[in-house]
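Each of the next two complexes has chain A plus one more chain, namely chain B in the first and chain C in the second.
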Partner chain A sequence: MNIVFAIAGVVIKELYRRKDFYVLFVMTAVITLAMGSVRFFNDPKIALYLKDLCLLLIWISALVIAIATTARQIPAEREARTIFPLLAKPVTRWQVILGKFLGCWAACGIALVVFYLFFGLVSASREQAWHATIFLQGMWLQWSMLAIVIALCLLGSVVFAAPSSNATICFVIVGGILVLGRHLHKLAMQQPEPLGSIVTTIYFLIPHLEWFDVKDFIVYNNDSLRFADCALASLYAGFYTTFLLVATWIVFRRKPLNT
Partner chain B sequence: MDRLPQKTFEHVRKPGPYALLALLGAMAFTIGTVLQIRVAQWAGRSEPGGLLQTVLGNGRRLFANHFFVQADVYFHSGYYPSVFDAVPRNRDRSHLRQKEHDHDDQSEEPRGDAPAQDESSQHEKEMAFLREPQDWIDRFGRRFMVTSHQHLEGGKEREMLPWLKIAAELDPEQPETYLVAAYWLRDLKRTDEAEKFLREGLRHLPNSHELYFDLGTLFYEDRKNMDMAANLWELALKKWQAAESAEKKPDPLHLNQIATHLAKLEETRGNTGRAIELLVIAKKVSPHPEAVQTWIEELRKGGPRTIH
Partner chain C sequence: MNTIIETRNLTVEYKAQSRGQPKKRALKGLNLKVHQGEVFGFLGPNGAGKTTTMNVLLGFVNPTAGDAFLFEVNVREPIARQRIGYLPELTYYYKFLTAEELLRFYAKVFRIPRAEADRRIDALLKLVELEHARKRPIKTYSKGMQQRVGLAQALINNPDLLILDEPTSGLDPLGRMKVREIIQRLKNEGRTVLFSSHELGEVETVCDRVAIINEGELKVEGSVSALVEQHNTNLEQVFLKIVGYQPQEAA
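Moving on to the complex of A and B:
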């Protein structure tokens, strides 16, 4: 397991050496603060639009960090030919996959903590209240969702030739699930056969990432979620992540590494 | 250095460069005079909407509706039908100007006015868009979404205002945006902002009877300025009649609203004759003409008034 953690450590170091996170965080902060400085009808108590905007930017930034960081991991190792000395340590291919996954996931977790701290400060400064439970639940669920996204992107990085195509496809899939996932069964009922059955099958096969989006609960200060539901959703995320990681390993273990 | 020949400045005597300079100066002056008129026009445009108008053109109206809907989403704390839910497209939006307790309390409305109860039940029906869960994914997924129909209350209605402001900037010719924003601003005791916003609406929609009526209501209920209220409601009545003459098909229920409110005010001021005239107008379009007729008869008798 030490080998896995060592690989993960390298990925985390890469996050703070690259500028992606800093750029996205500064952009989020600047946009949020600029919008926060706008006064609508001279009312300083208006807060929800700012929370909504900030959370949206956090979601976009987290997805960009997760997909952009993960998509280049294995292709970069292959292109620089550092994969060969890495595998000669000896490190198994499963350990490479697991290490890369853990590194990317932990890097996203660190980024999320920073983003949510900023969000918490903005929210508390406007509302003079700290809804810690729902904030933590929202962050945990988002991090759980990112585990699925990272595993999906890792699978894409051993299937597709270029990181750019992998990243684009991942963005389309994740965006599509977040927007349409909840409504696919409604769409399926309106389609003629066999399209209806195909859409229904997709509905039951895809990971329902939209469950993990509890922005509405955070923005509107609704009651916190039941912990049992969060635990079940986390298990669901764990199942899909494991499935995708195993699939990645199956593809990767037989894949020739010459570029 | 001493051996080098000393060079003196050679004075330019050719007229070409001076003519070119004069030409450039004339051009700059001409462009300046042309642009000055345009700058004055730009300054006259609605303040922050000017840039949006310049950048987006008429396309901004498409976004305006999105932001108005966003205000509605906020009003329902996120409980809102998506495009995939079976909800009528042209949904009634009058609920956006109703507080929770308004549904039951109509004692302030003049007799013969349209009841809010029917609108409320209609809204409840429209918002019952969540059907029974069809499978375990649907059932479990609902634990992570807002599933109860509730409206913002206790001053939180202010959260809708930014979206309404943006919607008004994007489409300044949509009276509903001003009406909803002004309603909640008044409810939040921000009468000055409400008046300012309604007057901004009137600058864009000088013939809007809805805006004149709401401005009159603001003066009647908040400022307690009966003369101003009466003048504005009279203006609203004229604008409604002008719209009807122009065959714009204004809402007859709104005529009923204007006429009954104005009649009530005139009755209070002792102008019984004018009040009866207005009630005759209201009776033609009222959903409860018998109640209006009773009111007219009471006024004609000059007997003791019941509280309207």
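Moving on to the complex of A and C:
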């Protein structure tokens, strides 16, 4: 695992030496603070709207960081030719894939901790209360969901040569699943055959990223989730992540790399 | 004498660029042996198959047929690359890292203990004269400095075999001299060096033996002195003759 951690370390260093994360964090902070400083019609529920907005921005920012960071990993290694000195060492392609995944996932985890700390501060300043358990559960579930997104994007990065096309496709797929995923089976019932069966199959095949979205619980409920549910969701994320990483390795291991 | 590099009937075919075109045969049954302690020059015109051979040895490309071995281990096994150092022709490294961080990263890849890694990093940065710039990001380095950091990373594991692809391209005369000194030092330590170069004068100075390939086939293999003596001319003329260069008559 030494090699995997070493590769992951380089990915994390790259993230904090680039500007993406800082820009997104400052943008989230500024928008949230600006919205928080305004009194809308003396509405007592303003704190809820503020939390909702802040969480939405965190979700968008985390997805941007995850996809933008992951999409460029393998193509950038190939374009900058850094992959060659690396693979000329006793490093397998599986270790490269795993290292890149761990690095991107850990980098997203660090970003999430910073975002959620800020969210906690904003929330506590408005409600004079900390709902630490549901915050931690929400963060954990979002991080688990990001594992699937990163693995999907990594698979895209060994299939598509251009990081921009990979990132765009990943955004469309992830956005599509988050918005439409839960409605696919209803849609399937309204379709004639064989389209109905195809949509139903897609419904059961895709990773349901929307299941990890507990924003409403955090904002409006504050009750913590059952730990068994969190564990099941984590297993679900683990299954899809493993499947996608193995698929990435299968594609990448036979790919000729010409200097 | 131990065989460090061996290729047996090595053949590599690349897929056709477009439909209807035949596959491109980059290597056609290449048989080659490099022995321990040799400085071996690998020569050929552009497109001859030198880089493809190196790509197979380094595991970047799988052979279509035949096999290649490093230290008698098939190159398909990653462990075959445990004792080699590789310097690519165009050196590009993680530009957001400093030279020290880059070397530490590669030391971790080789599982070199921290204290030993510190010692080697200091020694290598001194060897390639980059001590003053060790804390600076690589993106601020000149081309020559990047080539030198490349050489340092190739030596981090104290390799028994060094594979250098055009190691002096883009270097000034002082940089070239430095690379030559390092190759000579490695040779004196009993290490094996395989390097490709178009600088035939340099090859003649540094190498014990050379192989000349053209169109994926081995044309000649032997000691530099024997080839020069046999053809009664310098290595450059030998090379041109073997690859079939026909000088145009002056009009």
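Convention: the second predicted complex is superposed on the first by the 253 of 259 C-alpha atoms of A that agree within 3 Å, B and C clash if a C-alpha of one lies under 4 Å from a C-alpha of the other, contacts with A are read in each partner's own complex, and residues count from 1 in each chain.
Convention: a residue touches a chain if its C-beta (ideal position, glycine included) is under 8 Å from a C-beta of that chain, and two chains touch if they have at least 3 such contacts.
Small disclaimer: the values here were computed from a predicted structure and weren't measured.
When the two complexes are overlaid on chain A, chain B and chain C sit side by side with no clash. Taking chain B and chain C in turn and counting the residues of chain A each one touches, the greater count comes from B. With both structures placed on the common chain, the touch criterion links A:220 to chain B but leaves chain C unconnected. Legend: residue contacts after superposition of the two complexes on their common chain; A:126 is shown touching neither chain B nor chain C.
Contacts of A:47 after superposition: chain B is touched, whereas chain C is not reached.
By the touch criterion defined above, A:182 reaches chain B but does not reach chain C.
When the shared chain is aligned, chain B comes close enough to touch A:204, but chain C does not.
In the superposed three-chain arrangement, the CA centre of chain A forms the vertex of an angle with the CA centres of chain B and chain C, and that angle is 150 degrees when rounded to a multiple of 10. With both structures placed on the common chain, the touch criterion links A:82 to chain C but leaves chain B unconnected. Chain B and chain C never share a C-alpha pair closer than 41 Å once the two structures are laid over each other. In the complex of the two chains, the chain B residues touching chain A come out as 74, 77-78, 82, 84-85, 134-135, 137-138, 140-141, 143-146, 155, 158-159, 161-163, 165, 181, 185, 188, 190, 193, 197. Across the interface of their complex, chain C is touched by residues 2-3, 5-6, 9-10, 13-14, 17-18, 80-82, 84-92, 254, 256-259 of chain A.
Remark: chain A residues 38, 40-43, 45-49, 141, 182-183, 185-187, 203-204, 208, 210-214, 216-217, 219-220, 222, 225-226, 229, 232-233 touch chain B in the complex. Contact residues on chain C toward chain A in their complex (touch as defined above): 14, 51-52, 54-55, 58-62, 78-82, 84, 86, 88-97, 101, 105-106, 108-111, 150, 153-154, 157, 163, 165.
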